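Same chain, two partners: chain A is paired with chain B first, then with chain C.
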Partner chain A sequence: MRPLTEEESTAVFQKLANYIGKNVVHLVDRPDEQYCFRLHRDRVFYVSESAMRLATSVARPNLVSLGTCFGKFSKSGKFKLHITALDYIAQYAKYKVWVKPNGEMPFLYGNHVLKAHLGRITEDTPEHQGVVVYSMSDVPLGFGVTARSTIDTRKLDPTAILVFHQADVGEYLRDEETLF
Partner chain B sequence: MDEDADDLDDEFEPFDLPTAEQRKAGTIENPQEVYSRMRACAMVLSNFKKYAQEGRARSEYIEQIIADIANYYGYNEFLTEKLFHIFPVAEAIEFFEANEVPRPVTIRTNTLRTRRRDLAQALINRGVNLEPIGKWTNVGLQVFESSVPIGATPEYLAGHYMLQAASSFLPVIALSPQPNERILDMASAPGGKTTYISALLQNTGLVFANDANKARTKSLTANVHRLGCKNVVVCNYDGREFPKVMGGFDRVLLDAPCSGTGVISKDASVKSERDFTLLSHLQKQLILCAIDSVDSHSKTGGIVVYSTCSVTVDENEAVVDYALRKRPNVKLLPTGLEFGKEGFTRYRGKVFNEKVSLTRRFYPHVHNMDGFFVAKFKVMPRTKGQEKAMEKEEERKKGKGKGGEDADMDEGNDEVKFDDEADKDIIVDGLRKAKKAKGYRVFPKKTEEQPSKSPSKETTEKS
Partner chain C sequence: MDVSAIVSAQQSKYKSTVVEKDIPLEIDVGLLTVTDPNPPDEDAYKANLEEYLTSTARDGVQSLVAALFALPTKSSPDGPLALLPKPTTALPRSKPLPKPKPPTKWEKFAAAKGIQHKVRDRKVFDEEKQEWVNRWGKDGKNRELEEQWLTEVPANAPADFDPAKESRDKRKERVAKNDKQRDQNLARAQGTSLSEKKKEIERASAMARVSTASMGKFDKKLEGESKIRGQKRKFDSNEMSTKTENQRALSIIAKLDGSKKRRTDRDGAPAEESVVNVRKAIRHASKGKGGVALGHKVGGGKPSGARASFGKKGKR
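Coming up: the complex of A and B.
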């Protein structure tokens, strides 16, 4: 477990900013408690300072997880956000997409969001923007990247892909082995 | 017996008890026959004077019924005997019968994400038939039938609930974690209890979730993240290393690895042989580690909860009694659970501490949940109280050596006067030995005259 290097921090924050924009500062400046990012076995954890201090007494091979896992660095140094970060991303999300009940299950099986399944979308969402996907009852289901801007979606046919799938909560079941 | 049986109780049909030789011959029998003989044996044993065949001993009937139960339900004889003696005869059959029936599916609302009413509504809309479990919990729901897989609904994946047996709510309710505490869950996978603790803490404080099995920590981590528990540190240690890794916890939950005799309906592999002595040895080690990991000066806590999903006495009461004997600064508290049966204070010749009756047992045939055991300890600072308890134990031991029935001797001790003056040397020596056995540093014998601290204190108090 160690703090992130400068390069790693930029990689993580760039990725986060894709979804929550300037709200990234809220993750670092919290009114309640000091929180920090820590790297442990290629994974990035977001954890309160006090919990982190206590967790230092756990030896490296025995520590499995602390606080919330945000994602992992690939061997080539790229950062990939995991579904476990959804809590924080959903909290500060700038652009949102709601899917209809009949689109919930297809998305949770790892498919892209089609136009037919689209319930609502934040106004003036640009193209290739990170968005959080919600069910109609406002339960966050995952996140992805828009394929078209909000204006362009109107002309599309119903089978066109609107949001590229990146992570969904179904991964807790599908990828339990590789996620942690 | 025949005439007695006929006019007094028409339900009872007379039967021939096979002799030991006949039983050994081991002809393959019709299960129906075995069942009816088992029932008849139970009847005889419930009123032996009235129903027993002349010239046959009670032990013969017991042997027969144990053999029949083992045969009919597919247990090994060793385990059958162990379980059989926990209950009265009729209840024992009920217990074995209940183990063949699955327990109801129950789920726990994750209060970090939703409320029970909202969750129930959402699931009913998906075609799930459910109802609250009972008055004792405000987060549990019992699922009667469901048209969708209950472990893969969007609500489940979004962490609104956890599939969790009703019995595993109990130790956490007994632990009653308070916000901002530091809590250790020594054997936590797959995280049902850990996430419940975290939810009761409302994501404040810190939960250390430990599990000895690395593979199982994956599902533990997945559940912790899915349910949105942000105050959890997951680690992978053998539980026995614990006060060394970290101590000073406000509360410790030890849901000890056990034989699983309470969850036979879930996992029938328990029916075949298991090493019970090894397990209870491990449990005894773990419970001492759990007690030592607690901060006895904690203002809000200082609580250890010990639980198993087993019903055998040597994994439960015996372990609790062992902990009480080994750690004099520990006492049992009422578990705070409204139901459940009292723990045994004496069992087949073993006599446990009287306070063991404060522990609670849960049975499949009585409470319709898995067989379970919960004990709640309070850990106090090691002070004079501990010394007194040590002396008490010493007296108890002496009583055992003289009279045999030690529990009764405790009260009798007041009348029988010891000549403390004459026994002074022996007393001091005994205390030294007891301390040494517990791992305290003991001063060598010669220093008795010098004003060394603890032994001299003892002698002055005594005289």
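Coming up: the complex of A and C.
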């Protein structure tokens, strides 16, 4: 377990900013308690200071996880967000997509969001923008990247992909052994 | 009694010891060499070559022997020996002249300051032994301090003070210093420093070691081969104050905004920063016809044919 280097921090914040924009500041600068990012076995954990201090006494091979896993660094140094970060992303999300009930299951099985399944979308969402996917009852299901801007969606046919799937809560079951 | 007949008979039997030539022979007694600069007598040369050559050689040897007998001698068990003078003939060198050695740092300094070189005797006189001893080396005078049976110990010396070791260490230090200076002088003379060269070689060998199919993993290890050590990464301490860490994170985030290439509104300020969502406002004001159509409407002009596509866009 160690703090992130500057490049790693930049990669993490850039990825987070893709979904929550300037709200990244709220993750770092919290009113309740000091939180920090820690890297452990290529995974980035978002953890309160007190928990982090407790975890320092655990030997590296014995430490499985701490705080919330936000994602992991690939071998080539790219940062990949995990579904476990959804709680924080959904809280601060700038752009949201709601899927109809008939589109929930396909998305939860790892498919992209089609236009036919689109319930609502934040107005004026640009293209290739990170969005959080909600069910119609405002339950966050996962996140993805828009394929088209909001304006361009109108002329699309119903089978066109609107949001590229990136992570969904179904991964808690599907990738149980590798997720954390 | 007339002896002239006997003398003349004797003279005719032996040739004269005095060699007479048009140009006198050049004799270099030091090298036992005689050179005959006279041009050969063409008639005698052609008539009988052997005889001519023999006579010329005889003349040369005769004059050389005469010169040898004129030299001062030294007696020896094998008879008197002639003392040869230094050779006068200059012979060309077989090898080119050695290049002058580049001056050492001290030599440069001495030349600049006008310090004369003083040859120090290898031997020094030992007052106690009453004899000449080596300044260094075998039974050297420089080891006198560490070999004497009684040594004065300074008053403030620690309990485990070893005077012999102390002076030996000092001597070794001097030797090491001299070695180092010599190395530096050599390096200076060569142009590149030795340590630089060593580093270069080490880098090349390290590169060669990992340039195999298995990246050096399954290669035979050479004797005395050291392990290749890469650069160690340095990370911040885990126990760093979270405050400073967060400050750093915030500065990174602040920098992020500037470099981030987000899609911004065509009308200037980024969508995030302006209070009014400009794109949305334009769409609303122009009833979905776009900014250009709005501009034409305000200006009173009609949209040109080329801009008709904007109107089309708005109908969606």
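The definition used in the following text is that the second predicted complex is superposed on the first by the 180 of 180 C-alpha atoms of A that agree within 3 Å, B and C clash if a C-alpha of one lies under 4 Å from a C-alpha of the other, contacts with A are read in each partner's own complex, and residues count from 1 in each chain.
We take it that a residue touches a chain if its C-beta (ideal position, glycine included) is under 8 Å from a C-beta of that chain, and two chains touch if they have at least 3 such contacts.
Please read all numbers here as calculations on a predicted model, not as lab measurements.
After overlaying the two complexes on the shared chain, residue contacts for A:Val169 are found with chain B alone; chain C is out of touch. Once the two complexes are laid over each other on the shared chain, residue contacts for A:Glu177 go to chain B alone; chain C is not touched. Legend: residue contacts after superposition of the two complexes on their common chain; A:Ser57 is shown touching chain B, with no touch to chain C. When the shared chain is aligned, no partner comes close enough to touch A:Met136: not chain B, not chain C. Common to the chain B and chain C interfaces on chain A is no residue.
Interface residues of chain A facing chain B in the complex, by the touch rule stated above, are 47-48, 50-51, 54-55, 57-59, 61-69, 84, 87, 104-105, 108, 135, 137, 139-141, 169-170, 172-173, 176-177, 179-180.
Remark: chain A residues 1-3, 5-6, 9-10, 13-14, 17, 21-22, 24-25, 28-29, 34-38, 49, 52-53, 56, 123-124, 126-129, 151, 154-155 touch chain C in the complex. Of all residues in chain B, only 122, 151-152, 154-155, 157-160, 182, 206, 208, 217-222, 224-226, 228, 230-237, 245-246 touch chain A in the complex they form. Against chain A, in their complex, chain C makes its touches with residues 235-240, 242-243, 245-246, 248-250, 252-253, 255-257, 260, 262-263, 271-272, 277, 279-280, 316.
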